[in-house]
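Can you keep this structure in mind? I'll have questions shortly.
Labels A, B, C, D, E, F, G, H, I and J are assigned to the chains in the order they are written; within every chain, residues are numbered from 1.
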Amino acid sequence: MLFHVRMDVRIPHDLDPQVRAEIVATEKAYSQELQRSGKWPHIWRIVGEYSNISIFDVASNDELHQILSGLPLFAYMDIRVTPLATHPSDVKAVTR
Amino acid sequence: MLFHVRMDVRIPHDLDPQVRAEIVATEKAYSQELQRSGKWPHIWRIVGEYSNISIFDVASNDELHQILSGLPLFAYMDIRVTPLATHPSDVKAVTR
Amino acid sequence: MLFHVRMDVRIPHDLDPQVRAEIVATEKAYSQELQRSGKWPHIWRIVGEYSNISIFDVASNDELHQILSGLPLFAYMDIRVTPLATHPSDVKAVTR
Amino acid sequence: MLFHVRMDVRIPHDLDPQVRAEIVATEKAYSQELQRSGKWPHIWRIVGEYSNISIFDVASNDELHQILSGLPLFAYMDIRVTPLATHPSDVKAVTR
Amino acid sequence: MLFHVRMDVRIPHDLDPQVRAEIVATEKAYSQELQRSGKWPHIWRIVGEYSNISIFDVASNDELHQILSGLPLFAYMDIRVTPLATHPSDVKAVTR
Amino acid sequence: MLFHVRMDVRIPHDLDPQVRAEIVATEKAYSQELQRSGKWPHIWRIVGEYSNISIFDVASNDELHQILSGLPLFAYMDIRVTPLATHPSDVKAVTR
Amino acid sequence: MLFHVRMDVRIPHDLDPQVRAEIVATEKAYSQELQRSGKWPHIWRIVGEYSNISIFDVASNDELHQILSGLPLFAYMDIRVTPLATHPSDVKAVTR
Amino acid sequence: MLFHVRMDVRIPHDLDPQVRAEIVATEKAYSQELQRSGKWPHIWRIVGEYSNISIFDVASNDELHQILSGLPLFAYMDIRVTPLATHPSDVKAVTR
Amino acid sequence: MLFHVRMDVRIPHDLDPQVRAEIVATEKAYSQELQRSGKWPHIWRIVGEYSNISIFDVASNDELHQILSGLPLFAYMDIRVTPLATHPSDVKAVTR
Amino acid sequence: MLFHVRMDVRIPHDLDPQVRAEIVATEKAYSQELQRSGKWPHIWRIVGEYSNISIFDVASNDELHQILSGLPLFAYMDIRVTPLATHPSDVKAVTR
């Protein structure tokens, strides 16, 4: 089940630089593990912004919230989730 | 080069039903041809809305505008384009 | 899996009154059948508006879109869907 | 009498972690007591956000404000209240 | 129980002038009867707009929705309802 | 001459608690004196928010600004003023 | 007493051209009479828009609403009124 | 003197197709004459929208309004004007 | 050449009170000198807000930016500039 | 390939003035090098704001993001990117 997620990162300017570096490194590892598991199939950077647009593939709303609220940067991001359905013109869906 | 595109369809209620059906059918064929060519790799329906979120993979801004303005439903849609870049945490990009 | 759905009805003023009455009656029957099936557990009117806030309990995003896009008033409504997860303070969830 | 309430939590990043933990724990106890009393029949987490959507069942506007302004997190939340009425298609209302 | 209600009138330009005149006249009578009953204690015009700000004093959300949805102009207005509570600095409340 | 005023209080979290308590107490006295003088005939709390909706009855725009900018909480509030006129359906105005 | 007023003209495209021309001509005469009387001391066009920003000098809110609601184009405009007060740095006010 | 202008075209769906074609053709000629005169140095299409972003170089606000309100499509466009100044980092300005 | 300028002052609460007083005093002198020169013909306070609406009369966009960016409070204000043109109904313009 | 970029600078008031001066100086050098290379053909100041509107001419979305995220002020700016295409009325394009 697919969800469209936009994340806008808002790290406070006065956050300790070392703390910041650690959180960002942990975030990357956390994200890449989920990407490899297949639950986070796409992540793109929005040009010019400290933001990403991602696609998640999860079994339930609860699983998605558990993943997102577990992000090391969760406290420093604005996140908006949009549920997706199969589009009737999708050729990949049509040929299933 | 990837672009995120959101399309919200607003067909006027008083459009002739046969005209409408023809435009929608032409739109589907047009979309599926572009999907098969690789230029429109993803299309998803937004749950509860007559809208889609799509990813386009094109060579230039001009090519994208030519594709979008050629959509049979173009006159009846609100379209917003967001340019995408490679995300530094993207495992598919990392392993390239 | 629960979803919060807000529907704002915008029927054009020049819609034929008989057509309108038929759509509204069909909408009511369609809604009540889904309520009785357990898939639409709550529906409330927003005071002062021709709008409702509803809770849906469905197996997937696709099922929810099928239900919503099948609403007889679908073409005349603005719909916004918000996915819900279990709240950690929910006493009903805690005692499960 | 039912009210729809959305609460978005905005705890400042520099709040003392122990103070924060105490407020959050007190908030949970306060919420669960109201849930058990029947005045707060529903609370759901919005997926991906530090926010909830709740339904309150109270005798008056004054009682609702007393409850909400008494929330331990009140000073750290944006709250929006929407009054609800019985929907004419509600099967539970119809069978009353 | 008090509610703040803002009503913005949007009568379509092509409404039959006689129909319009009748609706507006019926609206006035309906409003004045409710004012005299004490349920609609205040109504003010917003300067420069075809809008009013009103205060309603009703027993319940359902009663308020019944009143508002019964307004002859209901189909031609945008209505927003804000529930009100006693203010702790209100001298009239203090002296009760 | 009547004006509708909405005030949203935004006291910074790090304001000294004693300073805050003094400002809030002074604000209450200032408000109640104006209420008793007839210049501030109505003040209501918005349910769930640290906000009020008030009606002022003053002789001029300058007098209203003098009153509002003199509020002890003025530096910590967002204020929006809407000028009001007599509504043609107002029974109290009609009988004058 | 001064008020800042912004008017955005939205004449429907299908209005009869002769009716339109008459309304616009009447509007001009109405406006110029008020300008000459001193009640409408300033009117400026917003560059690129069918809109104006005006300053009115009237004795009361009721007088302003009477003037604005009497504009021949009133039914075809969005109007927003902002009450103005003397600015403490205004040299013209200082020298009074 | 430079101005940034965004124009969003909103031609009504029921405009006579021949009238529409004539207006669009006249608009093109009008625009190109101004471009050749140096008063309209840049015009770009916004990808995916029936909109343009333009730069105008004119002697005054009045001249710009005369040009924009003379556009054959003026009645069918939303236009927003932003005045521009020389940027202190502009190398072309620096070398003047 | 006239411009409409709205300035909203947002001085941080923790600014040193003496620094603040000096900036505000310098701002007043700066503003009054420009008013006396004829470049800043109007300044009004918005009732209830720490904001002003002003009219500037300058020779160019660059001159206006130089004036505005030179305001002692510039770093603490949100400023929006709207270019103005002569209105065709302006009696003062007509009689020129 | 052209992109329209708007940058709004939001430097925190409590940033060390020397750090600030260094960042601003580095930003200027960085910008001017890109302007001289042809990748940043236009930069204009928005009158009255600490903002610029720029045009970039780059080979890809990734190149644009690399340039923008490399701006010394990147952490202190809100940036919005709009992809541009050739306009069919552009005389410079027509004559190619």
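Annotations for the structure displayed:
Just so we're on the same page, a contact is a pair of C-beta atoms (placed from the backbone, for glycine too) under 8 Å apart; a residue touches a chain by one contact, two chains touch by 3 or more.
Chain labels with UniProt names: A, B, C, D, E, F, G, H, I, J = Muconolactone Delta-isomerase.
Model, not experiment: these values are computed from the prediction.
Steps from chain D to chain G, minimised over paths through touching chains, total 2.
Annotation of chain B and chain J: jointly contacted by A, H, touch as defined at the top. Most remote chain with respect to chain G, judged by CA-atom centres, is A. Chain A maps onto chain D through a rotation of 70°, based on Cα atoms and reported in steps of 5.
For B-J, the matching interface among the pairs A-D, A-C or E-F, defined by over half of the contact pairs being the same residue numbers, is A-C.
A straight line joining the Cα centres of chain D and chain E is 28 Å long.
Computed from the mean C-alpha positions, the centre of chain B lies at a distance of 44 Å from the centre of chain E. Multi-chain contact residues of chain G, defined as those touching 2 or more other chains: 2-3, 45, 47, 61, 64-65, 81-86. Here the touching chains pair up as A-B, A-C, A-D, A-J, B-C, B-H, B-J, C-D, C-E, D-E, D-F, E-F, E-G, F-G, F-I, G-H, G-I, H-I, H-J, I-J.
The touching residues of chain G, counted against chain I in their complex, run 2, 4, 27-28, 31-32, 35-36, 42-47, 52-53, 55, 82-92, 94. Residues 13, 45, 47-50 of chain A are the ones touching chain J in the complex. Partner chain F is touched in their complex by these residues of chain D: 3, 5, 12, 15, 61, 64-65, 68-69, 75-76, 79-81. Chain contact summary for the complex, chain B toward chain J: residues 1-3, 60-62, 64-66, 81, 83-86.
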